[in-house]
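Handing you this structure, nothing more for now.
We call the chains A, B, C, D and E, going by the order they appear; numbering starts again at 1 in every chain.
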Amino acid sequence: MNRSSLHFILAAIVAVALPLFMRSGTLASEVLIYAMAASACNLLLGYTGLLSFGQGIFFGLGSYVVGLTLLHTPLPLGLAILFSIVIGALVATGVGWLSIRRQGVYFVMLTLAFSQFFYFLAYTFKDITGGDNGLLNIPRPDVGPLVLRSSWAYYAFIAIIFLLIFATLQRVASSTFGRTLLAIRDNEERARAIGFPVRTFKITAFAISGAVTGLAGALHALLIGVAPLSNIDYHMSESILIMTIIGGTGNLFASVLGAGFYVIVSDLLSTIWPRWLLLLGGLLVVVALFMQQGLWGLLERIILALRPASRTAAGKEPGRSPL
Amino acid sequence: MSAQAPILAADKLAVRYGSFLALSDVTLAIKPNTIHSVIGPNGAGKTTLFHALTGRVQASSGRITLNGRDITHLSDDKRVPLGIARSFQVTSLFQNLTVRENLRLAAQGRTPLQALAPWRGVEPDGEATVIADQVMSRLGITAVADRVAGELSHGQQRRLEVGMAVAAKPRLILLDEPTSGMGIDDIEAMKALIRDLGRDHTVLFIEHNMGIVMNISDTVTVMRAGRVLVEGSPMVVRDDPEVRRAYLGNMMTGDIA
Amino acid sequence: MSATLLEVENVHGYYGKSHILQGVTLEVREGEVVTLLGRNGAGKTSTVKSISGLLAPRTGRVRFAGTEISGWQPHQIAQLGLALVPENRGIFGLLSVEENLRIAARKRSPWSIKDVYTIFPRLEERRRNGGGQLSGGEQQMLAIARALVNAPKLLMLDEPVEGLAPVIVEEIVAQLKQIRATGIPILLIEQNLAVCTELADRHYILELGRVVYNGTHDEFAADEITKDRYLGVNAH
Amino acid sequence: MIYLFQLVNGIGLGMLYFLLAVGLSIIFGLLHFVNFAHGAFYLLGAYLAYDMIERGLNFWAGLVLAPLVVAALAALTEIVLLRRIYHLPHTFHILVTVGLALMVQELVIILWGPVGGNVSPPEALSGVVMLGDFIYPQYRLFVIVFTMVLALGLWWLLEGTRLGAVVRAGSESTDMVSLLGIDILKVNTAVFALGAGLAGLAGSLAAPIRGVEPFMGVEALGIAFVVVVIGGMGSYTGALVAGLLVGIVQSIMTTLWPEGARLMIYLGMGLVILTMPRGLLGRA
Amino acid sequence: AGEDITIGAPLPMSGPFAANGKFGSMGTAMIVEEVGKILDRKLTYLEIDTEGKPATAVRKVQEAMERGVKLFAGGILSSEALAMGKEVAKGDGVFITTAGADEITGAECNKNTFRWSVPTFGAIEQTVRPLIEQLPNAKRWYTITPQYVFGDGLLNAAKAIFKEKGIEHVGNSYHSLTEKEFSGYLTNAMAAKPDALLILNFGSQSSDTLRQAASFGMKKRMAILLAWASGLEQFEALGPELMEDVYFGAQYWHAIDSPFNRELVTKVQAKHKMNPNYALASAYLTTKIIIDAAAKAGSTDGPAVIKAMEGMKYAGLTGDEEIRAADHQVIKNYYLLKGKAKSAMKDKDDYADIISFGKSFQSPEQALCKMA
């Protein structure tokens, strides 16, 4: 079994197992939604080397687009979601096109500026977005015979989409395109010198990432029935990024782990102690200090330790291989 | 031979770095299927010339033509599919990728748009992979095929650096000091390789090792202070008093290697 | 025979799990130039890294002027006067040429910044340039110049003439001779046998992380078999 | 006329922004370290000054002591924590410093409560000065003058001493700096403490203007980033110019088109990055 | 005895509004403990940390409802309260909140949501109007307004009064919800030379505005009214020096002279050695309203409790209060306070005197409430 089908099976196990462990379909849905957003972020961070602080833009836009479509047009859910994907991709193309003109920290800051810019845009155009109150009353219509009203039914719907998206992103990552992204991440100058139009690749990566993130945002708005302003603010970008980093950037399943960990741990901690952010902060520090391959790296180490016999067979350098 | 149209020509080429004129009034014609070397003191502008020819830096004036086509304003990646490839003086590899993957990418770079399809997988026996394997054996680095480039020793990296240019199967190959950092026996091998490349490619290379330059070049261009000082056959250049004074000295290097 | 300044005794060095230096032993005495030869990947660079503390030896000892320095931090070792010019030159690209020299300059060094400008006039011409904008050869000159103003007691040069024009090579060889004349010993990694011939008193040859040959220059010059076996210098 | 007032006011704001940002810029540009905890040091500076003054310490003593304590804490953090992660990619810098910022913020809430408090300016500076029709608080005027003096001292430290060059060198290759016999770890600690101390000073200076509340750090961080990016990372003069620019633009926008003030600032920041790759005055 | 009755208390326990959350949860805890038991079933409460984010709030309320919690009292921020109101309505539960947004009992009203706090209209009517009467010479007013629906609500109500009273509205500064630096706006305000400054933002923004206005010497030059103050916890952060002679509008003040309030003050002092603030008192009361309604309805079923609440009259914190059936708005007093000098304070919490109070409400139709 190759690595990528192994990871897909792991992702499928997560999608099936979540309902067994979690009392709330809503929280489980949120895990998968953020897993999609984090995987999309990983495509930029882990594969292209782009640390984007703008993922919240696409997430928030996805929420608004699905909400506005369902509120103001008679179009079916499927089309509304499709619009979110398309707008996510389009805006990501624009943001990407502008941002990748700069590199390193300046790139990060540019995406941050965009994220603030879109936040204030959403804040200022309150007639469309509901401003600080958020876009309220977003319905969750049925899809043909599928009735999504109950939270577990909706979870099932999300789980199917999640697996589709995960498989698609995996395919993207292992394609020649994905391998080229890895090269660009490693040495952009050289990539250009051997003939790759680096900017086109980066923008394409952005568009794919934006599409998936827009989709995640749409599903989130449908989950809670609101497209709140907080879905497009800076903290959303930050959270998605942090999930991605703590998962590990080596492969896409790592992002699923990161999202699950972040969402579930935040939820748990916040019920224990109002000052739970202190604990979360400490956790982030610990991850950065001791788990630089992320949760995935930790998992790999545990598996290797449990199966000492197969140590050599499992690959020399765990976290390093692209998939 | 002299009647043949040049594969690459530069006309009154100039390059500026800020206010510093690194290259001025360079006119150059590279004849197809020849081995053409560029020598000159450090800082003469040789690498800058390569940068300009490959599009890494934009010429501030002058014209570059490839097979008669004006490529002056083409970006570097757009020149690769037209048949130009290069190696760098300061090693520039994909440090975290394996040697094989480095070369596969270099081979893929000729048809970059094929790689833009996010659904297309990497075929293990695809053309690019095959080329990568060929280049590895040609350069004798098959043994480290699956090591990541960053872990190679300096000399091994230098060889891979040259391999990156070869893998693109260009018509014109530019090598910037291909033997620097190589061991004594490897220098011989490199010399043979360049000579070999010269059979079905056009080779333009920068070198400080006179043993190679004088032995295998068809034409030598000597640069100084951003300009062409002398151009001619190795014999002519070797005996030019100005070149001796400005560059060759007693030719300690190269005579032995 | 003059006193031993640097002693490397049975040093083992690792990159992660790979065991690269497998017991290197060598010494450098006062006033001599010693070369370290060997094929690509033999462990030459790793050896000087372990001396200067960049690759801490896992076992074995390094002594400098009688002081045991294995396990010391690189800056402590450098303060003792062990200067390394690394193979990638280590020029600070964001600093100007002059700043590169200034941060290295020490009062007790026999070379001032002015002195090195006389040695390498090219550097003076480009003194305001960013280090990253220098040509390869200019960077090499700067790296050597910087080591000189840093008050070295022993100079370790990792392929110092790589990529230099023949006249400059001659120039640098001449300068190295002068440096030797001041009594500062040099440990030189070099692929260019002509340069070695000009300078070296003794040679070591490394292979697979071990010293496989050790001899005076005259012995080495006469030993065609060794040269061919370890360095591939064959009659062609 | 009103624009003239807004200009003066903007300068006052700008000098505070400069102080806030310059520490970030130094750490950013010289250590290549993305410090999302910078706001937390500002927060700490403000709260420490608040606490000291509440306990009856003289205002001036608090103003001096609080930043020193912040710098000491920062040095400790650097030694225990940050120096282990400099060599890692930016993502880890972000992870650690976001984590630290959260921890500091929550600790502040635990220690001083979630509500916040007020710091009165010293008696001598609590009045206002009249400039014709225009009224300006004495304390803000003091801040302008004080920051200017400080700016000069800092300039000397960074440009006139070897420290600046050493640290820039260290940002490229710590190995090479150590090979020249310089203890780069100590230098890094010193620089980090200096940058954080400056943030702390900005905090304690701002406390009488803004009061203290646990979330002031987040806001400060946002402003500091904008200023640093516009000015150019690592550039001292850039921080000064951009700080003033942002302060003045913000101030004048409040008269021209207040709703769009923030939008303008982020738009401006985007434009600067796009047109001037290294910010206004960043080094190449 | 059946299983426990659980009241959900969705409050911002963490995040920028953590202070309100903390006191709110104290209030909820007190009343639940005090009542202990209704309908022969034990009362408990479930603290839900909304983190001040609507998304989190809704998600956690959904979860709570899946676990059978139907009755909710909480929600301090407008955005989270609006979103939670919708969610509770989907599950046919009951939600009572103290959030500010007019839409809660206005355009976005629904049959499952109740609101205790006075909307913007009443807050302005009960502060600006009496103040104009008190200060007949203050003819020029300047306003500083946060730019969103809530701020506009306050501003429009004020403008209507200005117009009616012939007051010259010499200017307004809009600012965003994230603004912390008000010197620019204050400079604008000073240039307009007003007699009174009306501050329409709330929370830490209003503290910042007031603090900076004071430093610009504006207190000496004009009357300042902060129309929507949060009461004691804000005053503690401001301190008497800043508050002296400044007017504040408030939903609640611990010195209100009503039997219910006096009782509460005694209890809180006994238990927590402090005076109740707005967050604590309102959480206490709103939770009590829900408990009483459930007891009266004899059921915890949403529709039954709603029915019991509609039109309910009770002795509340501000005296007699009534829940208007048509829009679920509680009809209660709003207060105008005036900050006093430190020397005049009788105890450490005696920051202000009540100057006037009263009830002003738009009709449900005016408030645009169309309940399905």
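In this text, a residue touches a chain if its C-beta (ideal position, glycine included) is under 8 Å from a C-beta of that chain, and two chains touch if they have at least 3 such contacts.
Just so we're clear, the structure is a prediction, and the values are computed from it rather than from any experiment.
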Chains contacting each of subunit B and subunit C, listed by label
none
If I average the CA coordinates per chain, which chain comes out farthest from subunit B?
E
Centre-to-centre distance between subunit D and subunit C (centres being mean Cα positions), rounded to whole Å:
44
Approximate Å spacing (C-alpha centroids) for the pair subunit B, subunit E
74
Please compute the C-alpha centroid of subunit A, do the same for subunit C, then give the distance between them in whole Å.
50
Junction residues of subunit D - those touching two or more other chains
109, 259, 262
Junction residues of subunit C - those touching two or more other chains:
none
Junction residues of subunit B, two or more chains touched:
none
The chain pairs that touch are A-B, A-D, A-E, B-C, C-D, D-E
Would you mind writing out the residues of subunit A in touch with subunit B in their complex?
171-172, 174-180, 182-183, 186-187, 189-198, 200-201, 204, 208, 320
Along subunit B, where are the residues that touch subunit C in the complex?
17, 20, 39-44, 47, 89-90, 151-156, 158-159, 177, 180-188, 208, 210, 246-257
Can you list the subunit D residues touching subunit C in their complex?
162, 165-166, 168-169, 171-173, 175-184, 283-284
Counting only contacts in the complex, subunit C reaches subunit B at residues 15, 38-42, 45, 87, 122, 126, 129, 133-138, 140-141, 159, 161-170, 173, 191-195, 197-198, 231-234, 236
Inside the complex, what are the residues of subunit A that reach subunit D?
45, 51, 98, 101-102, 104-106, 108-110, 112-114, 116-117, 120-121, 124, 234, 238, 241-242, 245-246, 249, 275, 277-278, 280-285, 287-289, 292
